[in-house]
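Order as written gives the chain letters A, B, C and D; numbering starts at 1 within each chain.
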Amino acid sequence: MSARKIAVLGASGYTGADAVRLLARHPHVQIAALTANTHAGKAVSDVFPHFFPLDLAMLTAWEEVDWAALDAVFCGLPHGTTQEIIAAVLKANPLIRVLDMSADFRLRDQAAYAQWYGHEHRAAELQEEAVYGLTELYRQQITAARLVACPGCYPTAVLLALVPLVKAGLVDAHDLVIDAKSGVTGAGRGLKQKTLFSEAGEGLSPYSIARHRHTAEIDQEISVAAGKAVTVNFTPHLIPMARGELCTCYVRLDGAGVDDLRAALEEAYRGEPFVHVAQKAVVPQTQNVRGSNYVQIGVFDDRIKGRAIVIATLDNLVKGSAGQAIQNMNLMFGWPETTGLEQIALFP
Amino acid sequence: MSARKIAVLGASGYTGADAVRLLARHPHVQIAALTANTHAGKAVSDVFPHFFPLDLAMLTAWEEVDWAALDAVFCGLPHGTTQEIIAAVLKANPLIRVLDMSADFRLRDQAAYAQWYGHEHRAAELQEEAVYGLTELYRQQITAARLVACPGCYPTAVLLALVPLVKAGLVDAHDLVIDAKSGVTGAGRGLKQKTLFSEAGEGLSPYSIARHRHTAEIDQEISVAAGKAVTVNFTPHLIPMARGELCTCYVRLDGAGVDDLRAALEEAYRGEPFVHVAQKAVVPQTQNVRGSNYVQIGVFDDRIKGRAIVIATLDNLVKGSAGQAIQNMNLMFGWPETTGLEQIALFP
Amino acid sequence: MSARKIAVLGASGYTGADAVRLLARHPHVQIAALTANTHAGKAVSDVFPHFFPLDLAMLTAWEEVDWAALDAVFCGLPHGTTQEIIAAVLKANPLIRVLDMSADFRLRDQAAYAQWYGHEHRAAELQEEAVYGLTELYRQQITAARLVACPGCYPTAVLLALVPLVKAGLVDAHDLVIDAKSGVTGAGRGLKQKTLFSEAGEGLSPYSIARHRHTAEIDQEISVAAGKAVTVNFTPHLIPMARGELCTCYVRLDGAGVDDLRAALEEAYRGEPFVHVAQKAVVPQTQNVRGSNYVQIGVFDDRIKGRAIVIATLDNLVKGSAGQAIQNMNLMFGWPETTGLEQIALFP
Amino acid sequence: MSARKIAVLGASGYTGADAVRLLARHPHVQIAALTANTHAGKAVSDVFPHFFPLDLAMLTAWEEVDWAALDAVFCGLPHGTTQEIIAAVLKANPLIRVLDMSADFRLRDQAAYAQWYGHEHRAAELQEEAVYGLTELYRQQITAARLVACPGCYPTAVLLALVPLVKAGLVDAHDLVIDAKSGVTGAGRGLKQKTLFSEAGEGLSPYSIARHRHTAEIDQEISVAAGKAVTVNFTPHLIPMARGELCTCYVRLDGAGVDDLRAALEEAYRGEPFVHVAQKAVVPQTQNVRGSNYVQIGVFDDRIKGRAIVIATLDNLVKGSAGQAIQNMNLMFGWPETTGLEQIALFP
């Protein structure tokens, strides 16, 4: 099988870099182009020195890429700019497959997009075409898609934990409290005071309380699962670690017990290569998934009667971003879904 | 004023050490004895080399201390052993003031103690005498007490955040979800695999879900405030930082709004030197209190109608332990409550 | 004694903040003005939320300060801009005492300044007047000075470790290899990619090899001690911690033994409140000095015959910057040198 | 090709676990047995929960392994106990290949072993047979060996950096100063106070000054390269990170210049898959190699005339231990040396 040619847009950011890390060792792809407009002309190892062992193409501006020569493109650009670039790419090569890791095509509702992102969507017809790329929930649609909007890291964890429970009517969709914790890479590589080592280290802080943009995706997909409009609590916290994310979800039971919840999740993810439901009393922790595409979900009794706790953890840059994008690419090209993604967590 | 003579029991543990750190610079006390039975005969700087600038007494076994010569004792021993030692100390000197930082005298109910700690209490009459040492809630009783059971770090944060709200009937005491995060010093200096740097670093893990012993104190004091028996959700997480603790409390409103909650807290803590209610939109973070005796509390809207979020942060070794013990000693000896405790947080 | 009125320039940076942290609890000073030109008009707690317990003046532009009303000024501005501002301040109030924490007045040689900092000095007459503020080496001159150029953090550690040995002729001044390690606050609060948590965490990197500007100060003062021009090796490394600095100095002995070195250091620092020579086999570590003004120095055998190892550690923001500035202020105003500086290290 | 069957002894330690992590994804091996005597009977995921995605054999005692059925064994046991176990293994199956990651067979000189490890060697004839497993220096011997003593992590870095320079006579073998920095996993998974998160975090400390056991290996191999007995300076420091190691080597030039050093290293490692000599001005940092088998070496000018600085970095658990063992196994079985080892560093 000759290799598929791919490009990574935004190769100077963390999600772009993690895509490169994994794609460089993927047996069926060839990285044909890497873009980073502010660093065009540099070697990748100038912006990410850990790539010194790789022989990679120079960074270019995205406008210089020959889209006709490519089979797929991974897009790790900031939201807002992405939609116009992807529109241009698909115009240049309508057959190319697009794995978008930005937020631009995740929300199906144009009004919701405008409300959360502060401007009208600039590629509305593509937004309609885009498939929400949470592999385990939309596998069939992804396989057939041209444009996949890979979910945010938080929504991936939360939805994998809660959608089967909401769908089965086991929990009250109107009382979902999600206390989320993320490592600092979740905030990207841009220069912000709050993500300096001296600020984020040795301490933790809640942020974007009741207004984090990932909430919109969670609302959207939980509402689909519930069959009614749902508003969730979603409260993220910045944790002094680079990678990893853990969501502690507090749910109200609709008559069910904790074992019912675990059974429903086990049923939902039977045979899934990357989503594991932990046995009773095994506690998910971010250390278990660092650098890997795996998700670990656990279910626990709450001391308050009629309540339960569901905990999910993943690596925000892998299953929460670049890894899931590759998983989707594997589906789209008919390769085993796990190709290039079987690295075990790096612990310690 | 001649200095009061004090001893610190358990000076080789973290709470003991933080008591020494602060007491060594307290203007009205003299550290007359330091005990650590497994290290008796060593210099303190052998077990805590950061005390090299201090000229401290050698470590002794607690049995060797001349209790009659002392005015007060800080007890940083493990729970279980504490109760018998304190009984002996008070027998030797019935006038000595005891600041216990262990869990041994915190629960008023003997059955609750036996249930949570796995054995009958061995100094039941003292348990009855002990005052729960949450300064802001029990100031009057502490002032007059001989034996103060300083609260756990988590209960200090949680109760300061919630008791005024429960008392005022602003929140539903039967639906309190407390997602707690703590630095690793909270687990003490004992050797445990999970607190090794290589295990606890660069990752986070929930632990003791629905069975952390601090929950008993929270239940106890929330029940007092509510005037009825209450069972709370309390879910702690181990965070890769040494000091600091932050509790994110999800509450159901009983008709009130977020501003009512903030107003009630402001009213409760008006004039308090160490408890600060943050202005609207100011987010508490552990970095703000590291190494200090201060507590910061913030109140936030929840996206779910009829719910709110209350966040409290403190340093688990200071206001959560040694600092609060010193604050209580100041009260007991009639000194300004802030004496020796005014250090500002060490940030960064 | 009525309080002396002081100002802190550059209160939005880390050295400025650490000056505020300590000065706010100094018994003899009153913080009358705080400047941060890019944040003028804000509350200090907007830029450093851990100052929430303090009632501080609003941030202003430095041009708005009434210099005539002040007794002293701490200057935590970036190098380059400092010299002109201090010239203006001293013109406005020739009697004011200046504690400069920048690099602007540290080098006595104008050519050296121009070479290392890339431009001619713009306040040459003040550079001549300035006293190098390494307290233990220049105490007498500092007491009488109007303008004190507080040393860099690295030079403070290195010079305290080596100057007495070079002066006594115990080590070869032409073969000083200094492997230095610093926490990330040493790089300041400015936004740089290399000081992001995700970049600097969980890894270490050498930087500015053979060209770090602090080298110029070390050369200058070692040359004075040696009585001849000396060029040292100085190789800094960025370490994943916020505060703290440790310099491992590899020296060639001029006939002496390790015990001679230790004796010379003990002699040099006998009675010094902040500089401690560790007993044989006690190993200095940054944890011992975090947040404190103390310095710890140890001397060790080298396996190579005729060589030894001298290790010094301090907190780069305290004895390496703001603390030493306050120590110098205490000298200048005739207060006990330790006033306001006796906090013990915050460990853990 | 049918898979080779291997065992990992000491699978509950960090080096054992990293061997499992990599071997589980190695295309030509099957993990047939995992031992951990104190955990015999448990699932591997009980001691290393990050292995939840793998279907691994239960942990057994090493005495229960059927050696005759195995092709190779990786030994991650503590030094001291290893030699007798390996002797027993080789007696049971004289054809098995042994990749020892302990220190037991690294020193060729029995007297040196006894001096550094405190007891006579208990398998002297095997010590003679063992090949020192620094792949790039002993490739031919390793290919033919039955028992490979994989080097310590520090010696791997130091020797790759210095041996070619010493061999070529470019540096003075009698004046090698090696300032080494290591992450905390280097100290293993055993419970020690100094490796607790609260002790090792946010601070750094030198340790084992002039008496670290890895020094013996460095002396041994540098002496071979120099053709004369050499004693080096080797000064390790514990750094607050889990993985990674960086050695800053200060060398005296024997007439050569820095470019000669770089050229000699480039020549020595031309074509090597895992050892990269950085271009001029590129600074090695541990972040570049975390989780990978790569080594990065850089050469820099020293300000002291006639001196230079050589810096090498690697991941102590991969190229410094388990990865190099697998590299050696690949050689021994005739597979491409890079098989199963091509993971790029996990950054951030």
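Operating definition for what follows: a contact is a pair of C-beta atoms (placed from the backbone, for glycine too) under 8 Å apart; a residue touches a chain by one contact, two chains touch by 3 or more.
Given the structure is predicted, the values throughout are model-derived calculations rather than measurements.
**Q** Decide which interface, A-D or A-C, involves more C-beta pairs in contact, and give its chain pair.
**A** Result: the pair with more contacts is A-D.
**Q** Please identify the chain with the largest separation between its CA centroid and the CA centroid of subunit A.
**A** Farthest from subunit A by mean C-alpha position: C.
**Q** How big is the gap, in whole Å, between where the Cα atoms of subunit C centre and where those of subunit D centre?
**A** Distance between chain centres, rounded to whole Å: 39 Å.
**Q** Which integer distance in Å separates the CA centroid of subunit A from that of subunit C?
**A** Distance between chain centres, rounded to whole Å: 45 Å.
**Q** Please compute the C-alpha centroid of subunit A, do the same for subunit D, then give the distance between them in whole Å.
**A** The separation of the two C-alpha centroids amounts to 36 Å.
**Q** Would you give the residues of subunit D that are in contact with at least 2 other chains, written as numbers and ranges?
**A** 14, 185, 198-199, 201-202, 240-243, 285, 287, 290, 347-348 - these are the residues of subunit D that touch more than one other chain.
**Q** Could you please specify the touching residues of subunit D with respect to subunit A in the complex?
**A** 14, 17, 21, 24-25, 48-54, 185, 201-202, 242-243, 274, 276, 278, 282, 285, 287-292, 294, 296, 342-348
**Q** Under the definition above, what is the set of subunit C residues touching subunit D in their complex?
**A** Interface residues on subunit C, with respect to subunit D: 174-177, 179, 181, 198-199, 201-207, 209-210, 215, 231-235, 237, 239-244, 246, 248, 250, 283-287, 290, 300-305, 307, 309, 311, 347-348.
**Q** Can you list the subunit D residues touching subunit B in their complex?
**A** 14, 183-185, 189, 191-193, 195-202, 240-242
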